[in-house]
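Across the two complexes that follow, chain A remains constant while its partner is chain B and subsequently chain C.
So, the complex of A and B:
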């Protein structure tokens, strides 16, 4: 009886969920649709055309921005993976008060509004006389992304018992070898998931990049932002569609890759706070 | 294993873990902690006659932001952020409830279908709303075709800005609420229905209190980015819908009064810290109770 009652779906909640999904996807799909419009209109679809995409590949400033963003995202991903993993390993095993303080400080970027992080980074870089460039964007993005990697890797580490390392030590490994040969390989799925997520986040990041970038070449989101401010156009629809598609693929991969290693789990559990197994 | 060996080994391990912590900690101190310190210091600074920001020990910036114009803007930001939180919670509960309790084997797929667009470019999604709601956008042309009206001005209204904020950040409410609903023991809901005979009463007396942790987390996670946002107000709104984030952005990118901008940022952080502490208090009392 009781279970059957729960099985009866709450009609209102289901209807609201359906509306929510429509609301979530309608604007995005409209952007994609009108990127193929052969007229400039954003409300009347007159015919299929790839002219706006053709414009994109001939826009050298935009291509420079795309390359800059790819470089920024690649270097930032590698950097934050290295630091974030070190931090996760250290924090998971150091239980002292000092460890807890460090743990709290490294999580601060997650709860600081991005505009604050961005403005503070701008002040720091100008203060120490660093010329704003791609390098400053990368430094800021790494600082911001370390926390993401740490959270994801710690979630996975909590599932690996310390005994595995202990066993490796008993078999004659040095502490460093135990981490390199035993812990890191078990962390691989989490590292790939975190890497893909950070790459997508940094590639799309606008606020930090906006405050820390130099003049040329600007990261892609910053360039797109300045054209959006002037108004809407099918050309922005085209680049927007490509950006959405690229990051959607990356996020899907970030969610799926860990599943290939361990059936029944995904980094979705890490994002939603489910139990890591 | 002898006690000495255990001690020696744990000492060795601690030293390795200590070294692993050292480098990233140094990085965070160099680039994050110090940047926060600089912004606090500069908030007491001033600009020279030729416009350069310099450190000083004046409270002029704080006195400058304590005026009607800025306070009104602060209140407006707070109102928008609170509205965003309320709407996000109203969306999050039915959506998370439907997926967590009635999603069946499509649960993960449905959550992924929410997460994927949300983690893809915030900027492009704000642009999508701008395109949709603009005077010659799809919505207005639909309205004109239906003959109901000559078109409605959506952009440059508070509704558009708050709508943009919700669209941008609602996922941060859905995920924690979903996580705690998923962990909820469904027999509690059944017992509630037996006791109260009303789904609404069951929800408010059983489900909602039992998922308080997720609710608090969701409220905080959407409030933080909403209060600091400037993109939604910039793209979907106008000067009369500007938020604190826009003010800060203007001081740094356009107005070039960095010390004043720093004071505004510190003020924003102070407000957020108060709320954070309240949040931590609320969650820790809850933990003690259970």
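So, the complex of A and C:
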């Protein structure tokens, strides 16, 4: 009897879950739906069409911004992976009190309001006379993303026995070879996870990009924001839908790529703190 | 029964000369001198913090000695980095490379040496047979059990045929039953490959049952070094007697060939000549050497009162008071001829005795 009662579905919990998902995803679904509307209205769906996608393909300014954002995200991802991993490896070898303080300081960008980071970057770049451009956006984004990479990589490093690198040296590796042949391959799932996360964060980052971008080409989020001021075009919905699709693919990749390496925990678990097993 | 090896006739596998390590002002390893013969199974036994793991790490090259020299096969390697030493380590955590399969792990050292692929495959295959992992060659370490991971770690180190294999408490993470099985297996593998093993452990049973020689370490120095039978039967220091097995520690004053423990109790120590009248002397007698029945005329005998008994299946342990403030632990086999009601109870008056040669004088 007791087990049968447990098997009954708790109606309230099911309803709450449904409301939660509706709350979370209905607005996004609306965007996707209205991207296929055949009229300009954002409130009445009158018929299916691909005209806004067609608009998008022929809007060279928007496309330039998309390409600019992809470039920014790619370069920032690579840059922050390189510096963030080096930082994590370095901090791992530091045991002194001062080293631990430095380790804590590297986490500050995670909790600093982004607008502060944005203004600070703007002041720095103008102060040293650097012309605002795609380069300045990338510099700012790398600075901002290093913390994420460092946190994720250090999380994985802590899970590796400290003796693994010693084992590599014991078996004939120079210290550099030990990092290249053992430490980095072991870290690969974390690196992939961190890379995907940083790419997603930077690609649609508005605040930093807004403060540090030059005139042309503007990163996509900035372009979208400024075009809204001149009246909302459903082409924005089309772009939103495409970005949503791309993000979903990235998340799926972040979840599944580490499993291809037969590793116990995926790198996303390091971010979410969960373990799906 | 293995005979204790005589002093090494050829170049020792490992020689330590005045090896010292200071950490933040504290001396962890203190002027260690040690020769380990080629092919020997040598154990460093001691409590945690005694300096045994630090000694191992200095031989492996992960830790630089403060002073002293390390020779491997007669060659001074004190300043040589780990990857150039003819020494391999089995780590306590196993430290397997999770991104490589079992073959990749075991063949790692050979690939570093630039040996050709076919030879590597061949030797990896044979090594995996030796540790009975032939059918797991393509598994990732994450899918192996603790005992299998331990054997991968062993194979990965052994395959390089080092001058000496360092083992840092390699069995500590295994459960008791598996640990006993691996002890026997490890010893058999060592006999088969003939490589010098330097084994670090805090488990006296492990050290005694596997080693050719055991060194008992405490506070960075070697308290006693010898064959397992020697260090157990003839401990030379209070620490050595107390650390290995249970021991009865008896202190008294030397007087006319006896150690006076109490007014009414003087234990004769025939043949002992190193103490002068009035010297403080410590003795030990192993619990299983003391008899409660079947006493013979050759034995030193003393009356006592049973204070406590505890039943351990194969043995029964008694605590017997023989003088004010002095109780001895006695271990008696539960032999087939003994019935349950033969056992002594607390409060029983008994006579106990032991042969004079089982009285050991400690320094």
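Some observations on this one:
The rule is simple: the second predicted complex is superposed on the first by the 251 of 277 C-alpha atoms of A that agree within 3 Å, B and C clash if a C-alpha of one lies under 4 Å from a C-alpha of the other, contacts with A are read in each partner's own complex, and residues count from 1 in each chain.
Everything that follows uses one rule, which is that a contact is a pair of C-beta atoms (placed from the backbone, for glycine too) under 8 Å apart; a residue touches a chain by one contact, two chains touch by 3 or more.
Every value quoted in this text rests on a predicted model; they were computed, and no experiment measured them.
Look at A:186: by the touch rule set out above, it reaches chain C but stays clear of chain B.
In the superposition on chain A, contact is made by A:99 with chain B only, not with chain C.
In the superposition on chain A, no contact is made by A:78 with either chain B or chain C. When both complexes are overlaid on chain A, the residue A:151 reaches neither chain B nor chain C.
Contacts of A:56 after superposition on the shared chain: neither chain B nor chain C is touched. More chain A residues lie in contact with B than with the other chain of the pair chain B and chain C.
In the superposition on chain A, A:169 makes contact with both chain B and chain C. For the contact definition in use here, the residues of chain A common to its chain B contact set and its chain C contact set are 169.
Those residues of chain A lying in contact with chain B across their complex are 2-3, 5-7, 9-10, 12-14, 16-17, 20-21, 23-28, 30-31, 34, 41-44, 83-84, 86-87, 89-91, 93-94, 99, 102, 105-106, 108-109, 111-117, 119-124, 127, 139-140, 142-143, 146, 169, 175-176, 179, 197, 200-201, 204, 206-207, 210-211, 221, 224-225, 228-229, 232, 236-237, 240, 243-244, 247-248, 251-252, 255, 266, 268, 271-274. Touching chain A in their complex are the following residues of chain C: 60-62, 81-83, 87-89, 91-100, 108-109, 112-113, 140, 142-143, 156-157, 160. On the side of chain B, the complex with chain A involves touching residues 9, 12-14, 16-18, 20-21, 23-25, 27-28, 31-36, 38-39, 42, 91, 93-95, 97-99, 101-102, 108, 111-117, 119-132, 134, 136-138, 140-142, 167, 175-176, 178-179, 182, 186-187, 189-190, 193-194, 199, 220, 224-225, 227-231, 234-235, 245, 248-249, 252-253, 258, 261-262, 265, 268-269, 272, 276. Within the complex formed with chain C, the chain A residues making contact are 160-161, 163-164, 166-174, 177, 182, 185-186, 188, 261-264.
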